[in-house]
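A quick write-up on the structure given underneath.
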Amino acid sequence: MTTPTEPYVLNIGPQHPSTHGVFRIRVVMDGERIQDIDMIVGYLHRSMEKLAEERTYTQNIPFTDRADYLAAMSGNLGLCLAAERLARVEVPERASYLRVIFAELQRIASHAMANGTLVSDAGAWQTPLLYMFREREKILDLFEMTCGARLTTNYMRIGGVAFEPPPEFWPALLELVDELPERISEYEELLTQNEIFIARTRDIGVISPEDAINGSLVGPALRGSGVPWDLRKAEPYCIYDRMEFDVPIGRNGDVYDRFMVRLAETRESVKIIRQAVENIPDGSHKTDIPLALRPAPGEVYGRVEGPRGELGFYLVSDGGPAPYRFHIRAPSLINLSLLRELARGASLSDAVVTLGSIDIVVGEIDR
Amino acid sequence: MPSGPTQIDGGRVANALNRALPGIATTSTEEWVEVESSRLEEALRWLHDSEQFDAAQLSNLCAVDYHDHFTVVYHLQSFDLNQQIVLKVRVVDRDTPTVPSSYPVYKGALLQEREVFDLMGIHFEGHPDLRRLFLWDSFPGHPLRKDFLGIGEGLTSGLQRFPFENKEQPDRLLNRENIVEQGSQETPEGWSGVAST
Amino acid sequence: MDSLGVVIAFYVLSAITIVSAASIFLLRNLVHAIVLLVVVFLGMAGLFLTLSADFIAVAQILIYAGAISVLFVFAVMLTPLASRDNGNSLYAGPGLLLGGAIAAIVVVTAFDVEWNQLTGVALEQRSFTDTIEVIGNQLLGPHVLAFEVASVLLLFALLGAIVLVTDPNNEDGAAAEEEAGKDTAVGGSE
Amino acid sequence: MTDRHSELPATPMARQIIARRSLLDAAKAAPVSLKVAGSIVLLGLLLVNALIGFIVVDGQLDGEWYDFRDLGYAMERLRIELDEVNLGPWLSYWVTGLIGGLGILSFIGGFLLIGSWIERRLLARFQVRMGPNRVGPFGLLQPIADALKLMQKEVLIPMGADRLLFFLPPVLVFVPAMLAWGPIPWAPGMSYLDINVGLLFVVSITSLSVLAIWMAGWSSNNHYALLGAMRTVAMMVSYEIPISLSLIVVVLITGSLNLGEIVAWQTDHNVWLAVLLPFSLFTFFFSSTAEINRTPNDIAEAESEIVAGFHTEYSGMKAGLFLAVELGNALFVGALVATFFLGGYGLFGLEQWIPPYVILAAKASFGYFVFIWLRSTLPRFRIDQLMTFAWKYLIPLSIANVLVVAVETSIAARWEVEAIFIYGSFAVVNVILTVIAVRTWARVAGYSSSFERPEPPRVAPMIGGLKAARRIKAGA
């Protein structure tokens, strides 16, 4: 005998603690089980791709800050690399090192945020989040020292980086690099052995490697499913080919694996930063480029491994100072392709945790 | 030479495609290959299944408006072979441009096709849930089209000339030492505001 | 029943109980009816208190106001919204008959029992201090058989409820239950 | 903050953090005259305390109306005095009842004010931040500012809400929370409601709040609220069973339902029931977290899932009442744990020196502290995990626990040895049995060790796609 129950619609968002921004999901629920979901995005749409068509390549760099506002440096790097490839601009070696240092710092900060909010979604009342914020604050302090901004850094330029870091930057960075492995071990101790956390994340939101690849997942979501794919290894940009680091991959493709992959990646990032700081050469931090860069007509798809995965920039030039077409391949948006299939049949609590493990940034979804 | 380090020659892809599915690839350069729009799904499925190309993931899907036609660009990624294929489809019809959906082959096209439909107005036939993604349903027009809002006869969006450029010396370098001299640049008042084609 | 306070309490509680009980079947909103039902239970508990039956009063609150009402809550919440209406009068006739019969029994009993032996001094002696002991001794002494029979009955009711909600033909239900078991907090058999 | 950073505060925020002073710094920076005056006051207090201690030990206070260790004597005296006025028994009844009620209410009210500050400060400490420190000294006036803000806020009633049922719950949830404090014994003669069915009274009164919460959730006309309310109802009904079963064990051992006698039993035998009944303590505490919606069982108001649960739609002081009740309930559970398992007001003879109600308040506050600790540490269970835990684990084990303790009680009643040997052996046996039973039952009910130690992520030896993934998986 089954009791007939009425499905009802639950409107999660646009303002909701666990949607991480103005992201709305309309959920059809049967009791605690989700029958169907419908994502409604666009509350933060700023038509960046259209606006970018009327701005020069350098003027477009701030858009990348605001797209993925938790990983501004990676966005900057992606656009600069794509534009440099399009305009055939050579970058000084020191600038490449600085770019890698800042991109990896940004990855640590972003992963700290992602993991913290994931544990917060699982119900730990903000303690892990705030612990991870502690390190993120220090990284943002380093950004502030260097370029004056904490969140929307606008630091990288086509042909290099905007500023040479101040002298006090290097000791502070070394100190942070020294203490970070300890901190990461602390989180591992705090969370990875926690019975409740494991019960909430193990075997929840499982994505098979086949689905992950076919569903266009990238980044930690893809690696959590066990696919060993990292653009830093596969298509090394900047100076990643000279760095020694590992690519951690998950075992089951569940929420726990995605969490652990992120945690392990921060460790690798620390390694990369340490190597970069040791080997950074002297020299100029940028090359001179024309005020209005006019690349030859053509197109380019430049991509970097951002904290959320493959962050691509598809630029089409018609020979003018502004890109003819400027498209951001937003990993946050495309990683959501599988959300509907994951959420169907799951309970509300699981869906929330799964969404947290995919790690979306609404600024990047909507652009 | 293809612009991406792992991007493979479009001509190679075109040859292989034409051998397997005769007449499917219409144009190709060393960067990309263009296929016939009606047989897109066939081409994608063949690339997805072939051992030689193994296009496992649709990593990027976007569309470009070239005034007289649209081009839908597919960036296909093979992980095992570590190579990238750029596939293009040309759509000439401006009123109801229609392309077969790639969703049956790649689930990751779900939201990307919705985005292209929303912003560029290209219909994807066979998409299970083709609605606007970012904008509301009653939004007039498709903003990423070059003629959106109809700026004027012969005028389109885009930047022809950077307003602060020095007219006489367009290749002036930008760096810290090179401080902009007074009067050497065009003022915003002197800038017409809209570029003309 | 000597003190004025007790008399006032009796009348006030009786009024509350009767008015709420009457409102239950006059109200059309089932949710309001449940809330009033709880008021009835609490009023009854108060009436028991005026009779120095503290154990019964507390048990009344615990079982009826705390547990039985929750059962009704679940029943109402599982009712489809459209039929969540107290206006059904299909059972009005039989209900009235049954109610009348029960009322008659109560009235007859009330007049038949020698109430006097438990009032006044006798009631004073049976103070609050030993009610539980007396009840316990009675239940596990002379009335142990009835006590055990009642518990067996309850056990069978429990089993019956489980049998009723488990559908052997419904594979989905079994699978769902298995799945639920797999996702448990510290469970999760491999 | 390391030395280099403190020398070189690079950013405004770092400078601000360094500039914050602690309580110790304030004391160090005080002028010498203030320090001297403070020391004199402290010394005077010590002297007065020594004097009081002398009187106490001397036995001069025992049972007198001015015995400040047990305010019950004063009440008794007051009652006798009032009875002599010859205005009828109602006078003494009402006056003492009012005084006692006001006493309890003012204690809880005071705690509600200070408690939210304590909770926020402690949580902040757990979370490496400062906590409220702007309003008043050390932020002590923050709760008052909060209350003022809540009172000023508009009380919104959502469209389509059942107005009467929406209005009632904040009140109805407050009443049982206050009533339940009645039977708690604060000192041997100091219990507001010294009834024989005290334990049952507590259980039954606390079970009433279910309905208020359900009313709040249903009448809000909001799916979040309804979901939260139904979660609460299901959870509370489930967890009342383990609570009752764990308390039955207490009754079995002590032989009384009267809270005062339960405490007296522990004081007499010089043992805390926590030692004798570790499993009951755990069951009671864990189930109580479900009953009062605290972490890890706060699924009824899981803010990451259903915003605020049943009180999503409440605003202003109505929401404030819900929050206050939640806070007061945490303290109440602390008091109950203290009474049942931690020796109540007794502290191995120290209650002769320290007023027993202070001891009880300290123990209750300790329970409250543990709740805060849990809140800042643990994630949240899912509803089905929680229900499974109650029905599959806690209830069977609790029943077994009742059986074991019943056997032990009958042994204790028949075996004529020194009480210390009996209860000492019981303590040892119960601790061992608890550990064994919990482990065995966990295995029986399907607990697997993979949940204990999940493996860390692999390191990818190569880069690739599906084939590489399969190869890595097969190779490992």
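As written, the chain order gives the labels A, B, C and D, with residue 1 at the start of each chain.
In the analysis below, contacts are C-beta pairs under 8 Å (C-beta built on N, C-alpha and C of every residue); 3 or more make two chains touch, one makes a residue touch a chain.
Computed from a predicted structure; not experimentally measured.
Think of each touching pair as a link: the shortest run of links from chain A to chain B has 1 of them.
Set side by side, C-D and A-D show the greater C-beta contact count at A-D.
With centres taken as mean Cα positions, chain C sits 58 Å from chain A.
Rounded to whole angstrom, the centroid-to-centroid distance between chain C and chain D, based on C-alpha atoms, equals 30 Å. With each centre defined as the average position of its C-alpha atoms, the distance from chain B to chain C rounds to 71 Å. Averaging Cα coordinates per chain places chain A and chain D 41 Å apart. Of all residues in chain C, those that touch two or more other chains are 183-186, 188. In chain B, the positions touching at least two other chains are 56-57, 79, 82.
In chain D, the residues that reach two or more other chains under the touch definition are 381-382, 384-385, 451, 463-466, 468. Within the complex formed with chain A, the chain B residues making contact are 3-7, 31, 56-60, 62, 64-65, 73, 75, 79, 82, 84, 86, 106-112, 115, 119, 133-136, 143-144, 148, 157-162, 164-166, 170-175, 178, 195. By the touch criterion stated above, chain D contacts chain A in their complex at residues 2, 4-5, 8, 10-11, 13-14, 123, 126-129, 223-224, 227, 231, 295-296, 298-299, 302-307, 375-385, 451-466, 468-470, 472-473.
The touching residues of chain D, when paired with chain C in their complex, are 90, 162, 164-165, 195-197, 200-201, 203-205, 207-208, 210-211, 214-215, 218-219, 230, 233, 237, 240, 257, 381-382, 384-386, 388-389, 392-393, 442, 445-448, 450-451. Within the complex, the chain A residues that touch chain D are 8-11, 16-18, 29, 32, 119-127, 130-131, 134, 137, 141, 144-145, 168, 171-172, 175, 192-200, 202, 209-210, 213, 223, 225-230, 233-234, 246-251, 256-257, 260-261, 264, 347-350, 352, 356. Residue ranges of chain C in contact with chain D, taken from their complex: 5, 29, 31-32, 35, 38, 54-55, 58-59, 61-62, 65-67, 69-70, 73-74, 77, 128-132, 180-181, 183-190.
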